[in-house]
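After this come two complexes, each holding subunit A, first together with subunit B and then together with subunit C.
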Partner chain A sequence: MIGSIIDGIILGCIITLGGLGISYIVLLQNYFNFTGGTFFTLGAYIAYTFLAIIPMGSLPFFSFGPGLIVSLLISMALMALIMTVIDKILYQPLRDRNSPFMFFYLTAFGMLFVLRSIIYLIWGPQLKNYISGVRENLHFGGINISPDEIFVVIATIIIVAIVYYFQYHTKLGKAMLATANNPRLAEISGIKNKHIHTTVTIIAGILTATGGVFYGLAIQLRPIMGFTLLMAMFFAVVTGGDGAILGTFGAGLIIGITQEFGTKVLQILFDNVGLQIEMSGYKQVIAFLLLIIILTTKPKGIFQGTILER
Partner chain B sequence: MSSNETIKTPLLEAKNITAGYGFVDVLFDVNIKLYKGEFIVIIGPNGAGKTTLMRTISGVINPNKGNIIHNGKNITGLKPSEILTKGISYVPQEGNIFTDLSVIDNLEMGAYIYEGDYEERLDMVFSLFPILKERKNQKAGNLSGGQRQMLAISRGVMVNPKILMLDEPTSGLQPSLVTEVLHSIVKLKKEEELTIIMVAQTEKAIPEADRGYLMRSGEIVLEENTDTLLESEQISQLYFGG
Partner chain C sequence: MLAYIAAIICMGAAYSIITLGFNLQWGYTGLFNLSVFGLAAAGGYTSVILTSQPAMGRIGGFGMPFIIGLIGAAIVAGIIGGLIGLATLHLEFGFFAISTLGLGMTIQTLLRNEQWLSNGVWGIGGINKPLSGLLGSGLSNWSYGILALIIMLIIYFLLERIVKSPWGRIQMAIKEDENLTEMLGKDVFFYRIQSLILGSMIMGIGGAVFAHYQGYINPDSYTDIMMCFLPLLMVVAGGTGNNKGSIVGAFVIWSAWSLSELFAGYLPISSTKIPHIRTLVVGLIIIAILRWRPTGLIGRKMAVSSSSTSRKIGPAQNL
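What follows is the complex of A and B.
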């Protein structure tokens, strides 16, 4: 049981990173980018490709080496570039024409299928791993956790802290919030909206790639890995509050733990009553049900008025 | 160039401006001039086109005809952020503060492109409106109407502009606050050596200005110094129905 909570925390960290990538787009452009999950997958596969070229090397304590860190950095840069190019070609013209939000959703939906096809075409449907062989787990108090998973959790906390500092304590971060709040006044104040949109897309690309690589590190690479987490990412974004960094992190952890712990509890329950249901296939349903409950009871987010509001 | 000629060269000029929204024109062949150090008011009934004129000068909308000239240079078609770099700061009537940001962050955004001493500008604004210092960490959306207008004006001057454009800064305020805000604007003009163009709803603003324009149905129908303007029959009709 405690093990499933730990698994939930790790998954929650990964959901947070993917969710923050989507959250930035929601904050500035006010629509949910369905492609977010597929960008997440693409980021993971790009790192996988570079890892075939760059020697992995070794690091004490971890099963991965500096090669993965370098591949992650390359993936971050490429995802920032890819997402910026897609934004400029597809979404900037829609923004310039003040197009209805339906156009944004349709474009994002279409891109999801295009990118997914590209991923299948290049990397195929097989499962892949960054690290071959069995990983050593640490055992304490009945908990099994690998050093790589500890790395994912600590790195996520550091990334969330950096993003939080950037957003609320730097001029550019505040300009992003100002543009999200009142784009016309921001432009009148000398903030160039197009630059802000580009900055936001770059940050979203970096966070999305990191989330994807962390998923690949903690679990494995699958062509639909981002898509299966999309509902959980939406949950983190919606219930965390509009553009709230800590809120998204808190909500990410909640949905991660609920998915892992909840499926475990329900599995035991169903097994005891003799129902033959494999609950691991229904994690997205749990995320969706929880999202509906929150949307109907706390539509402005679960952390409003708390320290996690920002 | 003689000093007399210098005085006669407008700092800002709207020449033959025709502008509007979509295919509908709201302004028709409007001409106004603003000289350095002047304080001019633009008055007129609702729908006269005052706000559209301010939006056109500030680059929020592009004119369909005519030019905006600043210091002898054509600045027509520049974006609002580019107009600001010319030292022209615009405070719109609505949506003039970042409601989700704190008071201090609003002021920081006002000084976004300012390269001088930010703390000095902050001190200037806080000495003009001490209440903003008391409320500096408060969310701007939670301020009262008067405080919002003070913040909006402050945001506009944080960039240390040469020309301040105010669109109905006293709109919706109680009479005592109208006087307070107007006195602050006059104080700002003197201390900051500002040139001001202000759209005003209240006749109280007229005596504070040097000159005024009366707009009606998208056209300038009267241009006078404020003393003459106050005695004009058209102004009496506008404010007192007489």
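What follows is the complex of A and C.
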């Protein structure tokens, strides 16, 4: 039981990173990027490709070596580049034309399938792992946790802290908030909106790639792994509120723990009642139901207003 | 060759019906409903459960006639569409889009996991094809194709009447300028949910027509690529808010899609990669149309509010 809570925390960290990537785009450009989940997958697969070239090496405590860290950094850079190029080619003209939101959603939806088919074409439908072989788990009185999973959690906390510091304590981050709040006023006070959009896309790319690589490290690589997490990421974004970093982190942990621990509890409940429902297949349905509940009760998010007024 | 044409007619008619429903929601009212695959699957499974013969291990086998199956499909799909509308339609545009995508994924998961309902991934086979014996056993696709075309034409003429009525003009006005319509005293939410339910019912019927042509369905018959992405391209290519364009788009795109399957055999690519290449091409076409020709190949002019000033402020651009 406690093991599934830990699984939930790890999943929650991964969802947070993917969700923050989407959240930044919602904050600045006001549309939910469907492609977010697929970018997440692409980032993980790019790191996988580079891991085949770069020797893994070894680290004392973890089952991965410095090669994975290098691949992660390359994947971050490439994803930032890919997302910026796509943003400049596809979304910048839409923003310039002042197009309705429908265009953004349609383009994102088309992009989802384009990227998914590219992933299938290059890497195929098989499951993949960064690390072959059995990992050693640490035991803390009945709880199994691998050092890699501890790394994922700690790294996520550090990344969230860096992003938080960047957004609220640097000039560029404050300029970003100003642009999100009122683009015209920000433009008048000397902030270049185009530069802000580029910065945000780069940050989103870095966060998304990190989330994907962490998913591959903690679980495994699948071509539709990002798409199945998409509802959970949207839940984190909506519940966290627009661009509220700590809010998104909290909501990500909530949905991660609900998906892992909640399904276990419900499974035991249904088994006792006598209903024959296999709950492990319904993880994304739970995320969807929670999303609907949040949308009908608190569409502005629970954490809204604590950090950013809009 | 003739059999091939009959197959294209059957599938084209089924896709036309789905596309007409999608076009009503998107082209006229401006609802970006991404649960097309879920609604079509709900319709298809309902019709199959109502009309098929009894089988072990799942509900169904009521042996009802085809028409009852269609009505059941429409009712179930309409109820599902109405529920998601009640939950999210009063919110922003984006929340509706993401929750409908989630609804489609949920219906897929449900059909995959609940064996008593849908027989899981093994699917349901032996679905009867109505009128299959009418023109002799060799021409069963032709007689079914004619039936599907008749259903499609009935829906088309009904829709043409509806969208030319005051109700349809209000829908177009909502799409072009929501605030203006609200100011004229129309209940925007009420009109939107009506359009959503009607469109969902039509999608359900389309899914049912598809299922009865296929003869065997499983959750993979209604994947998001085949049943959401392709109708999207059909609407975009045919021009949104244009019923004739939707039908033409559906037939042209489906012919191209199935012909590409024939020619793909000659290409030096392994057969497992072909579906992904087709998806890639379709996605690039959609993005290219949006980028360079946003009104679609056969566009529709602004019908209700033709003022050019509203273009700069709100969501009043034509698509």
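By our rule, the second predicted complex is superposed on the first by the 299 of 310 C-alpha atoms of A that agree within 3 Å, B and C clash if a C-alpha of one lies under 4 Å from a C-alpha of the other, contacts with A are read in each partner's own complex, and residues count from 1 in each chain.
Everything that follows uses one rule, which is that contacts are C-beta pairs under 8 Å (C-beta built on N, C-alpha and C of every residue); 3 or more make two chains touch, one makes a residue touch a chain.
As the structure is a prediction and not an experimental result, all values here were calculated from the model.
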| item | value |
| --- | --- |
| Fit or clash between subunit C and subunit B when superposed on subunit A | fit |
| Which of subunit B and subunit C A:Lys264 touches, first, second, both or neither | neither |
| First (subunit B), second (subunit C), both or neither touched by A:His197 | neither |
| Superposed model, angle subtended at subunit A by subunit C and subunit B (C-alpha, nearest 10 degrees) | 90 |
| Which of subunit B and subunit C A:Arg222 touches, first, second, both or neither | neither |
| Partner chain(s) touched by A:Ile188 [first = subunit B, second = subunit C, both, neither] | first |
| A:Leu291 touches, of subunit B and subunit C: first, second, both or neither? | second |
| Of subunit B and subunit C, the chain that contacts the larger number of subunit A residues | C |
| Which of subunit B and subunit C A:Ala175 touches, first, second, both or neither | first |
| Which of subunit B and subunit C A:Pro100 touches, first, second, both or neither | second |
| Shortest CA-CA distance in Å separating subunit B from subunit C in the superposed model | 7 |
| Shared contact residues on subunit A - subunit B and subunit C | none |
| In the complex with subunit A, residue positions of subunit B that touch it | 58, 60, 79-81, 84-85, 90, 92, 95-101, 105, 108-110, 112-113, 155, 159 |
| Residues of subunit A defined as touching subunit B within the complex | 171, 174-175, 177-178, 180-182, 184-192 |
| In the complex, subunit A residues that touch subunit C | 26, 30-32, 34, 90, 93, 98-103, 105-107, 109-114, 116-118, 120-121, 124, 230-231, 234, 238, 277-278, 281-282, 284-285, 287-288, 291-292, 295-296, 299 |
| Touching residues (chain side subunit C, partner subunit A) in the complex | 30, 32, 34, 87-88, 91-95, 97-99, 101-103, 105-106, 109-110, 112-113, 225, 229, 232, 236, 272-273, 276-277, 279-280, 282-284, 286-287, 290-291, 294, 311-312, 314-317, 319 |
